[in-house]
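A, B and C label the chains in the order they appear, each numbered from 1.
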Amino acid sequence: MSAKYLAQGDLSAWLGALAQGRRVLVPVRENGAVVFRPYGPGTKPVLTRQADSPPKESVFPSTERLMEFSYSKDAENLGKVALDIKETVNAPATVVFGGRPCDARGFTVFDRVYDTKTIRDPYYAERRASTLFVTLACDTPETTCFCNSVGSSPVDADGSDVLLTPVDGGWLVEAVSERGKALLDAPALKDATAAAQDQAKAAKEAAEAAMPPAWDAAPAAAKLLEKFDDMGFWDDVSAKCISCGACTYLCPTCYCFTVTDERSGMKGERIRTWDTCMSFQFTLEASGHNPRPTKAHRLKNRVGHKFSYYPDIHKGPIACCGCGRCIKLCPVSVDIREIVRLAMELPTATAGKP
Amino acid sequence: MPILDELKAAIAKRLPELDVVIGWGKGFDALHHTPVFITSEADLDKLVLGPLSVQNLATYLTRYPKTKKIGVVVKGCDSRSVVQLLQEKLINRENVVVFGFPCEGVVDLEKVKRAFEDQGMEAARVSEASFQGDRCTLTSGGKAGSLPMADLWADKCNRCQYHDAVISDEFVGQRLERKAEDAYADVAAFEAKPLAERQAFWQEQMSRCIRCYACRNACPLCVCRDQCIAQTREPNWVSQRTGVEEKFMFQMIHASHLAGRCTECGECERACPVGIPILLLKRKNNKEILELFDYRAGIDPEAKPPLLAFKVEEEKINERGW
Amino acid sequence: MTTMMNPYLPEIATVLEVIQETPNIKTFRVVLNNKDRMAKFKYEPGQVGQLSVFGVGEATFVINSPPTRMEYLQFSVMLTGEVTSMLHTLSPGDQVGVRAPLGNWFPYESMKGKNIVFVGGGIGMAPLRTLLLFMLDNRKDYKNISLLYGARSPEDMAFKYDLPDWSTRKDMTTVLTIDREAPGWEHKVGLIPNVLLEMNPSPKKTVAITCGPPIMIKFTLQALKKLGFEDDQIVTTLEKRMKCGVGICGRCNIGTKYVCVDGPVFTYAQLKELPNEL
């Protein structure tokens, strides 16, 4: 299918059409923060900057019910209690509109873990299948953007279904996946002129050129492992960290969770909620032992997982999309770029294993 | 001598007796400062000071063993946290060296972001920023713009009564000895709204919360941290569900634990990545504390916080009058 | 049934029997309520399962009955936290959830034709029990089998019902030890690593399998090295806080290895390759 054109004035018409029978999530401003919310008549999407919260909730909700359970007493024998459990997969048809390439690409990091040859997480997989991404290509980087250093670009279509590129008076609209094509069949979209296509091509090149110079993060995989026992290094780079979870919860690629039960009387639910490796409780064992007892150990795991363990396990890809939210929104400006670069540049103190 | 140079000199003088001195350094862009940890004289070059020195560094004091000798640079508001920590014996006076300076105030980066956005500029794409006199000048995307500082100060600075650190071992520069009024007008205005409106307000605000606990961990006085009731299963008081009820429940716990202790540094609100105005909850408590006990937290190291003390007859609480 | 099951959904099982092993360890024998699934249930010695008490949560335990004895699945639970406290209140007939089998298992194929030395401490005997019973049920596949099992005191010794058989069998050697003298104790007294050195097993064509508290493991490894065991002749099994059990949720990793799927069984040689985060 050839590319389409969406005039700025037709944006709400297209959003309205997309919202027929679907949930459409768009970035909106709320008290200064830009977050994804369901689109409704009158909703004004904020398309001028990256949203503060990524659209992670669309496919990976902060709370997901895994199953319901109920106990029932036997009327004949009250000491006998039966247990019933019911799987609760819930995957509403969704379009995420106006995210950035990094936002959509984040889920490709999930995919390699949640839907593989040996394991399929049905809650994730079903939502993934029912969610489409209409992504807005970036034009100018923010000071925290580094997607080009982690194998991506400000116009990367990986993980997206439709890509919008700003052109005069509107956007060039391209289907970048099979399922994205269906979204282009809308009256609000006109066939793109050759001029618009040329403009979009130039805009993409300009966006890539506007990025700060890329640095090669691949050598970090080995360097971070080499520094595993160099706790002096980790103490230094984690000194200002306050151990909150903002970096991980705002990260489009952080996928860790916990599972807890909620019971009320004879029934309840087992839920999965976002969890963060920056928390002391994350690895705390019932015995009181904690393999990651300090913030230095935990920051090491966050950086290590993204730039070393994950690329090692999945043969290449870095578990970071370079969106920069963990830097920009960190209360104390912990900068993962700096940590990775220091890990690659600084000599490793030789610390033997005890 | 510029204040920064005086500060460097003061730190250099005390550094030999200290394990570390915590100050501010340049951050990842022209609009950010970030905490720096000074352990040698060479590190002094990293120090900066100004309206971007937003973080309350007192929050790190309880993250070190009490026996470590720590120096900390404080704004007036931050110094109150140090006092409160001393009042609660959470730090040892002899192991903390406080570096004070006359603080003109810090900016609210949200205000900066919005004000420049109105001029068609993105603060997130800043290349240069300067704070000269009463103007802030920003360059972003090749455009330059200028705004009066009056529009950019953090709210807490506009009502600041403690520009000069209330406690310090080394004070550099001339004391400002300025005092604004703070009659909790913001709290009163909010309280004047109908209940349904207030409820709707918090519903919307809290629905944005991602439960990252940046508010808790940035707080210099929220010291349970790793053992926080919000995440433990034993006891299991707060569900891990991320509904508004649970999020608000946590904020109620947070605010209650800070009643009569909160020094209103505003770090909870500043740290929030999704802009939830949670300082308002703590100010509501502080307003009550002020009315009931005529007490402001973190002013006098020798004072007993009213909720940590007991009086048989409270002057303003009619306990046995019915 | 779909080709790929929901990995989070437990099977409902009934507690058949509860055994008070020690003051703080109870053993639960459970069967899956679905008879067909129970009949077809397959696992390997050393694999673990998640036991659920719905309303409280799940925790991981090794299946310590061997796959050669399928009347029930046996889990031994030391009282430590929230889930184990609730498990300890269960009685026969109570319903639990079981997600199993999870993780890897002891490399018993490669141990065939070799001498086997088991060194277990406290609750660490549980995973060894599975393999020991499995080997006894396939006795001809293995050469000499010896067991050193230690606990703090006689009361802390679990699996007392197994001990008479293990102590009297002609086809294995059993040494029991406790940390300090106790009235009526007729076996060894002394710390496991010291007793192991006394036993002086030859490393020749031998595999040592050890599990126990971290401090015991540490000194047992040193003793085994002293006895001349190579790193790949020593096998152990790890414990970590786990949630999903299927390599997703992100907390049990040691660098690139997830204890829930790449473990819990590792040779000492493999452990040494891992980053230091036990």
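To be clear about the criterion, contacts are C-beta pairs under 8 Å (C-beta built on N, C-alpha and C of every residue); 3 or more make two chains touch, one makes a residue touch a chain.
Given the structure is predicted, the values throughout are model-derived calculations rather than measurements.
Two chain pairs, A-C and B-C, are weighed by contacting C-beta pairs, with A-C ahead. Farthest from chain A, judged by the mean position of CA atoms in each chain, is C. The distance from the centre of chain A to the centre of chain B, each centre being the mean of the chain's C-alpha atoms, comes to 30 Å.
Rounded to a whole number, the gap between the C-alpha centres of chain A and chain C is 38 angstrom. As a whole-number value, the distance joining the C-alpha centres of chain B and chain C reads 51 Å. Residues of chain B in contact with two or more other chains: 233. Within chain C, residues 57, 81-82 each touch two or more of the remaining chains.
Annotation for chain A: residues 258, 260, 262 touch two or more other chains.
Here chain A touches chain B in the complex through residues 30-33, 35, 48-50, 52-53, 62-63, 140-144, 236, 239-240, 242-246, 248-250, 258, 260, 262, 271, 273-274, 276, 279-281, 325, 327-329, 331-333, 335, 337-338, going by the rule given at the top.
Across the complex, chain B is touched by residues 57, 81-82 of chain C. Within the complex formed with chain C, the residues of chain B that make contact are 233-234, 236. Interface residues of chain B, counted against chain A in their complex, comprise 27-30, 32-37, 55, 59-60, 110, 113-114, 122, 124-126, 141, 204-205, 208, 210-214, 216-218, 225-227, 231-233, 239-243, 267, 270-271, 273-277. Per the touch definition, chain A reaches chain C in the complex via residues 66-67, 69, 71, 79-85, 87, 89, 113-114, 119-123, 225, 228-229, 255-263, 268, 270, 272, 275, 277, 282-287, 289, 291-292, 297, 301, 304-305, 308-309, 312-313, 353-354.
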